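Chain nomenclature is as follows: A, B, C, D, E and F, assigned in order of appearance, with residue numbering initiated at 1 for each chain independently.
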Amino acid sequence: MVLTAVEKAGILVEALPYIKQFYGKIIVVKYGGHAMLNCELKEAVLTDLVLMKYVGMHPVVVHGGGPEINKMLKRLGKESSFVNGLRVTDAETMEIVEMVLGRLNKEIAALINRLGGRAVGLWGKDASLFTAVKRPGVVWSADGIKIEQDIGLVGEITTVNPELLFSVLKQGYIPVVAPIGLGPDGEGYNINADTVAGKIAEALGGDKLIILTDVEGILSNPQDKHSVISKIKVGEIPAFIATGKISGGMIPKLECCRAALEGGVKSAHILDGRVLHAILLEVFTDEGVGTMVVP
Amino acid sequence: MVLTAVEKAGILVEALPYIKQFYGKIIVVKYGGHAMLNCELKEAVLTDLVLMKYVGMHPVVVHGGGPEINKMLKRLGKESSFVNGLRVTDAETMEIVEMVLGRLNKEIAALINRLGGRAVGLWGKDASLFTAVKRPGVVWSADGIKIEQDIGLVGEITTVNPELLFSVLKQGYIPVVAPIGLGPDGEGYNINADTVAGKIAEALGGDKLIILTDVEGILSNPQDKHSVISKIKVGEIPAFIATGKISGGMIPKLECCRAALEGGVKSAHILDGRVLHAILLEVFTDEGVGTMVVP
Amino acid sequence: MVLTAVEKAGILVEALPYIKQFYGKIIVVKYGGHAMLNCELKEAVLTDLVLMKYVGMHPVVVHGGGPEINKMLKRLGKESSFVNGLRVTDAETMEIVEMVLGRLNKEIAALINRLGGRAVGLWGKDASLFTAVKRPGVVWSADGIKIEQDIGLVGEITTVNPELLFSVLKQGYIPVVAPIGLGPDGEGYNINADTVAGKIAEALGGDKLIILTDVEGILSNPQDKHSVISKIKVGEIPAFIATGKISGGMIPKLECCRAALEGGVKSAHILDGRVLHAILLEVFTDEGVGTMVVP
Amino acid sequence: MVLTAVEKAGILVEALPYIKQFYGKIIVVKYGGHAMLNCELKEAVLTDLVLMKYVGMHPVVVHGGGPEINKMLKRLGKESSFVNGLRVTDAETMEIVEMVLGRLNKEIAALINRLGGRAVGLWGKDASLFTAVKRPGVVWSADGIKIEQDIGLVGEITTVNPELLFSVLKQGYIPVVAPIGLGPDGEGYNINADTVAGKIAEALGGDKLIILTDVEGILSNPQDKHSVISKIKVGEIPAFIATGKISGGMIPKLECCRAALEGGVKSAHILDGRVLHAILLEVFTDEGVGTMVVP
Amino acid sequence: MVLTAVEKAGILVEALPYIKQFYGKIIVVKYGGHAMLNCELKEAVLTDLVLMKYVGMHPVVVHGGGPEINKMLKRLGKESSFVNGLRVTDAETMEIVEMVLGRLNKEIAALINRLGGRAVGLWGKDASLFTAVKRPGVVWSADGIKIEQDIGLVGEITTVNPELLFSVLKQGYIPVVAPIGLGPDGEGYNINADTVAGKIAEALGGDKLIILTDVEGILSNPQDKHSVISKIKVGEIPAFIATGKISGGMIPKLECCRAALEGGVKSAHILDGRVLHAILLEVFTDEGVGTMVVP
Amino acid sequence: MVLTAVEKAGILVEALPYIKQFYGKIIVVKYGGHAMLNCELKEAVLTDLVLMKYVGMHPVVVHGGGPEINKMLKRLGKESSFVNGLRVTDAETMEIVEMVLGRLNKEIAALINRLGGRAVGLWGKDASLFTAVKRPGVVWSADGIKIEQDIGLVGEITTVNPELLFSVLKQGYIPVVAPIGLGPDGEGYNINADTVAGKIAEALGGDKLIILTDVEGILSNPQDKHSVISKIKVGEIPAFIATGKISGGMIPKLECCRAALEGGVKSAHILDGRVLHAILLEVFTDEGVGTMVVP
């Protein structure tokens, strides 16, 4: 479809209030899923970030990398066991995780640079950006007793030292962050990327946390893809989870949004990363493409 | 027509290369004609400027005000004589010019502020922003002899002191400039607004000079409104004027563009101010809506 | 009279403690009355401001313009009615007010620039410097009932945004402010200049408010011009006004001083603007030329 | 051996002239070989860097990683062919190179952070730090004809953009650089780490280039480990190489030193990385532990 | 004894934690006694200060000069009387004190400059660095009644204005301070140098106060030079003094340390200035060479 | 005589053009002679400097101290011999010179501080402010042969390192400089104060050099005190000296002015320091009180 010049102008003008609203604000984007695997989606996401940077916002990217890790483990003939959804990460597995995420991290930076932004790839190991400790795996015995299990180098964040991020943001760069935390002895810990994004948003005093997913958003009826809840108050989340209507995979994401808001982030968004330019539409237009969590 | 989300996103993405290109650049806009009289056009022009400011450009506005001056002179029963197209400006007329432009100048600033920008209304009299000397009127006698005539307080620019503009731009304001120069004894001089815009663009090391007019652009055939020349090299201007194909009113505008380019401005544009968001389309899209003068 | 070199030196040395005392301090001067009409007085006032700036103080000028407005209204055959001393200001009158004050504002700036300072002429419309809302006129019915009347675009200040003034002061400029406030819809409001000066002094954390008048100061006996009260405590003002000894025109000026002191300004001065260099004498010497309000 | 307090003091005092000399200077260290494999040596090298940073120098580390790459390739059953000493690097091999170096890079950063410094791990892909193009492999046919061969993603540096490094250094961080260049399409290129160190030293206006090796230095007699040449002028290098007395592996290192000095670096050093604290001894004491190239 | 390279390196590495600990911290050193008379000790002390400056600490020196003052007084045939240990300082004596200390002060600065630091010699008279008032001498009559006596220009500090010191420190200089305070009429007052050092440490928010003495430290048994108390808590000082075990000359020094700690200084040290590089050993190594007062 | 308020104002206004002219300029004053001995003159000179500082100039004082040195030498029974007008300065004499000037230097600083300025007393020994080498004494034998003689620690300036002065000026202090240069081994050299003033004016890029003397200025007729030459061009000085009309003592002062102008100082002034506020009259009024050397 060919747009007239005036229609084009109208779109740009529609963006103005959003540009004003988020001028100088920090927006943390958890980048993962399809949006990372599909080339067209990938370029769209990263272009959105570059655009945000140019119009005065400060995007920060935190990415995952599960599928690539799986591929590499498979190639090396390494099998994984899981405890309550968390991969048991022995030292050898962790080495693979670091290698795969490390490469991916710089690849994202390179692509942003190619699209006209200036990005720097960082981990928790850089200037102790975020530190972590071992996190126990939890299983329940047949008679409902909680049993902690050693699941290896799976970590949870203890501190975020945002100084390096602030300095990098101030110099005009887009930080690209891999979810590997720095352990007490310099070892790496594998951390959930949603959590890293939330904690960083909190530590930076971020305005928005955006989590890209492979679903339409939070559904009021899990069977109906058109039942997206476009807005939910942070206080309503526990009750909503308690209804059992939410799919299992969404619970931690919603909890992560809740934690971020309780930590001072102004709003959190669970977006459908399969939609082209979902971030841009969320940030620059009146269009809603997912679920927004507000205070 | 309703645009889809993806179409909207496409427009924003199309703007990115232009945002990058003009990031931190100074763009001087001569604002006048219909775009100043029609309310919808006025709001569109000033919105474009606010948008430019937010995405990192530094717009400077120079405005005229002929119709309002005429209205006020008429109301006061004051008649004007003209010498070769220049109004003979006695002290009383000059007082009216200053009053009318002074009010208009702040009205534009107020409107920009209301639209979300922050504007400051300035004249040549502020911090000696631009100084002027008397300019003679020129007529030709029947036998082709050039005769200089006193046409009063019509001036030509002697110096531009851009320090105040730089300081205002750096602090995030949009300067709105009225074309009244400071004379040697503190008196005001009425100066052609196109010229003021050109000289200021030059003094600021501007990237672009945009002149809003009430025509489609420079026409290769003055009788054919569809014959707009979309691009002309500065070196071709004298020859083009010599063809006689250009309408009288356009000659000084084209000369003004030429002077600006010779003074270091990267490009100059004669745009149709009657088109909604003409500036925005020129600066942010591939659409051409007038004539561009390039080196 | 010819002064010896040593006498000259003595005067300069006498100024030193005052220069020290007000170094880096903001001094707001309400400029109006004879000091604005008489050429010699005008040059003296503005020279005083330039001198203050050079020796490290930060003068800010707020000016009125009643006589010039009256002249222009008369010329346009426009008559004014008054409600309790406030001119009923319809849209047409307001247009004249803006035109006249706008011109005057830049004329003062130009004169300061010619005297060696660097001045910038500003209104409430510049960067929303001060905003205003409609103020009702008040009359009393025969039986003493207060009746509010619509007196048009007469305003009272709602907010002062001193950022632009601070930025201009810091860059070495003298701000010259016309008392036109920015209304909610971008329209201008006519505001009492004494009040504007007081509010600006307060918003800037000013050290001194100086109001130039056409009288000797506050007189303890209105019939005796030699009965100037040289100092009055802010707390004594209500009682003094209650004595009825003060002339009607002085009451609002005194109230304005009181408000400024209550807003944190260190001292306020009602000076005789008909005395050459009255400001300079007040600021740089032991001479008192009017009434000083102290905490 | 127990040192007396005075002996300890003497050592610190001996360091003072060196601290003064290199205060604020940039020193680029190519880190590789045994010093990277042996834990004690590793900790000594990185401690030296932290010490340098604290006493006002600006160390920059560039590291290799050959042995780890080989190990990983072997594990994946991937065999390498070589052309004139350069590994033929197909896309799959390059992926391994990026993964291994990426992990190593952050491990070094983490260790520096644990030792009390603050390090940031960077590649050519971060903010286009250094860009590269494909480099041909060269073989000679039996009859001495030079034949260029495609050896895959082996690159040579085209530009270094030191802005990110300067910004990181200025903020107090130690940059740790992996030798992966950014190709024209965002792909990575494997570059010789010595060359990267030399080019970065040059681009940063570095004072010293230090190359850690697994030999005593440049030997005047390759058979005699005690024949280390402690100082050689850059102009003498070609003649020295022509003597054929230098071992093959040292030639490119010496050439790299030569290029750095021709690019403005003040001195270059080939040190024995097997000596504990070799860098520290070179920088802070009168001891020579290798070969120094001087202008 | 000849140290091996590795031993040398070890010493430097041992210093690293101390360098880190005191990075950017202010350390005030009272310099006097033997360390000022013996050439080798003098050079060692000043070298230690230069070294501290280069590795990022901010040393400030306060010096005495008793012996030189005595020598000059003797030479001028001027005799001193004492009241309770304080020299009765008439105007003529004070003139000598100022002359001798003034010369000494710049000599120390010159020597620091020669050793590679950059020092500036300052008194209380510079920019009112520290002001003083007359301090009475106190004697006790036979029957234990306290009698105040006029002992001339002996002063006690009233205020410290650290602005000049902060500015000098920030520019990279080492301030060298003579203990002459500025009296209310511009006259100088002779002040105890320990006290000046303590007050300056306090006013600067110093981290450490170091007092160089001619004894081993505070002894638990005044007859046993090996009974140095290496650490004492500030709260234990009064009780310790009450035991009477401390020699008379040490009491004011210990009191001075106590005052400094109560004023916020982190630790105070009474060091044996007769030990070469005593300061350096204290600051950079694990060696203790005196008594440390801690909170 | 009692001045009216208006007369006072007139003087202040007369100063304005001078304040403007020297705003931000460096003015070096050689302070000595009667103006240093007489209390009233002393206070007047230092008040002038404080006033200059407050109105935006940057005065720097260089002082002598001959009479005080003589007094002290006499008191110590030390006799001086002279070679061609230069005192033979043995080490013992130099010690006295340093003591006397050192005390005087801080006394001047203290007095400036008391008068409301902020002064810092400095020598060549502070941060190597100015360095010196030994200068030979010159005598002529009976038959006109030039003979160099050792006159001890009399020096001539080799370098001026103005960094400390710039830093002190920028922070708002008035530097007070004693003419003692730093010798190669840290020893002091006695240098002519006029020369120090001239060299410092040159090194700072000063605008004016003012030398206070005890005469009316340069006289065209040495016998006639009313024959002061108010202005002389630097190029005319050699010819004027050749006329022999100038008194011996004035020749080096005039040469010193000449050197300063050749080194870039804009003007030099030989003023009569016996006139109250001579500096202030020179800098702030139209009055001439001595001889001005112009380019």
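One rule holds in what follows: contacts are C-beta pairs under 8 Å (C-beta built on N, C-alpha and C of every residue); 3 or more make two chains touch, one makes a residue touch a chain.
Here the structure is a predicted model, which means the values were calculated and not measured.
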If a chain touches subunit B and subunit C alike, it appears here: none
Both-way neighbours, i.e. chains that touch subunit E and touch subunit D: none
Chain hops separating subunit F from subunit D, counting only touching neighbours: 2
Repeat of the B-C interface, chosen from D-E, A-D or C-F (over half of contact pairs identical by residue number): A-D
Chain located farthest away, centre of subunit D as origin (C-alpha): C
Copy pair subunit C, subunit F: interface residue numbering same or different (half cut): same
Intercentroid distance (Cα basis), subunit B paired with subunit A, Å: 47
Intercentroid distance (Cα basis), subunit F paired with subunit E, Å: 36
Distance between the centres, which are taken as Cα means, of subunit D and subunit B, whole angstrom: 58
Of all residues in subunit C, the ones touching two or more other chains: none
Chain contact topology (line, ring, star, complete or other): ring
Ring of chains, enumerated from subunit A in the sense that reaches subunit B first: A, B, C, F, E, D
Contacting residues of subunit A [partner subunit B, same complex]: 1, 3, 5-17, 19-20, 23, 44, 47, 50-51, 54-56, 116, 275-277, 280-281, 284-285, 287, 289
Subunit F-touching residues of subunit E, taken from the complex the two chains share: 72, 75-76, 95, 98-100, 102-103, 105-107, 109-111, 113-114, 118-123, 125-128, 164, 167, 171, 173, 180, 182, 185-188
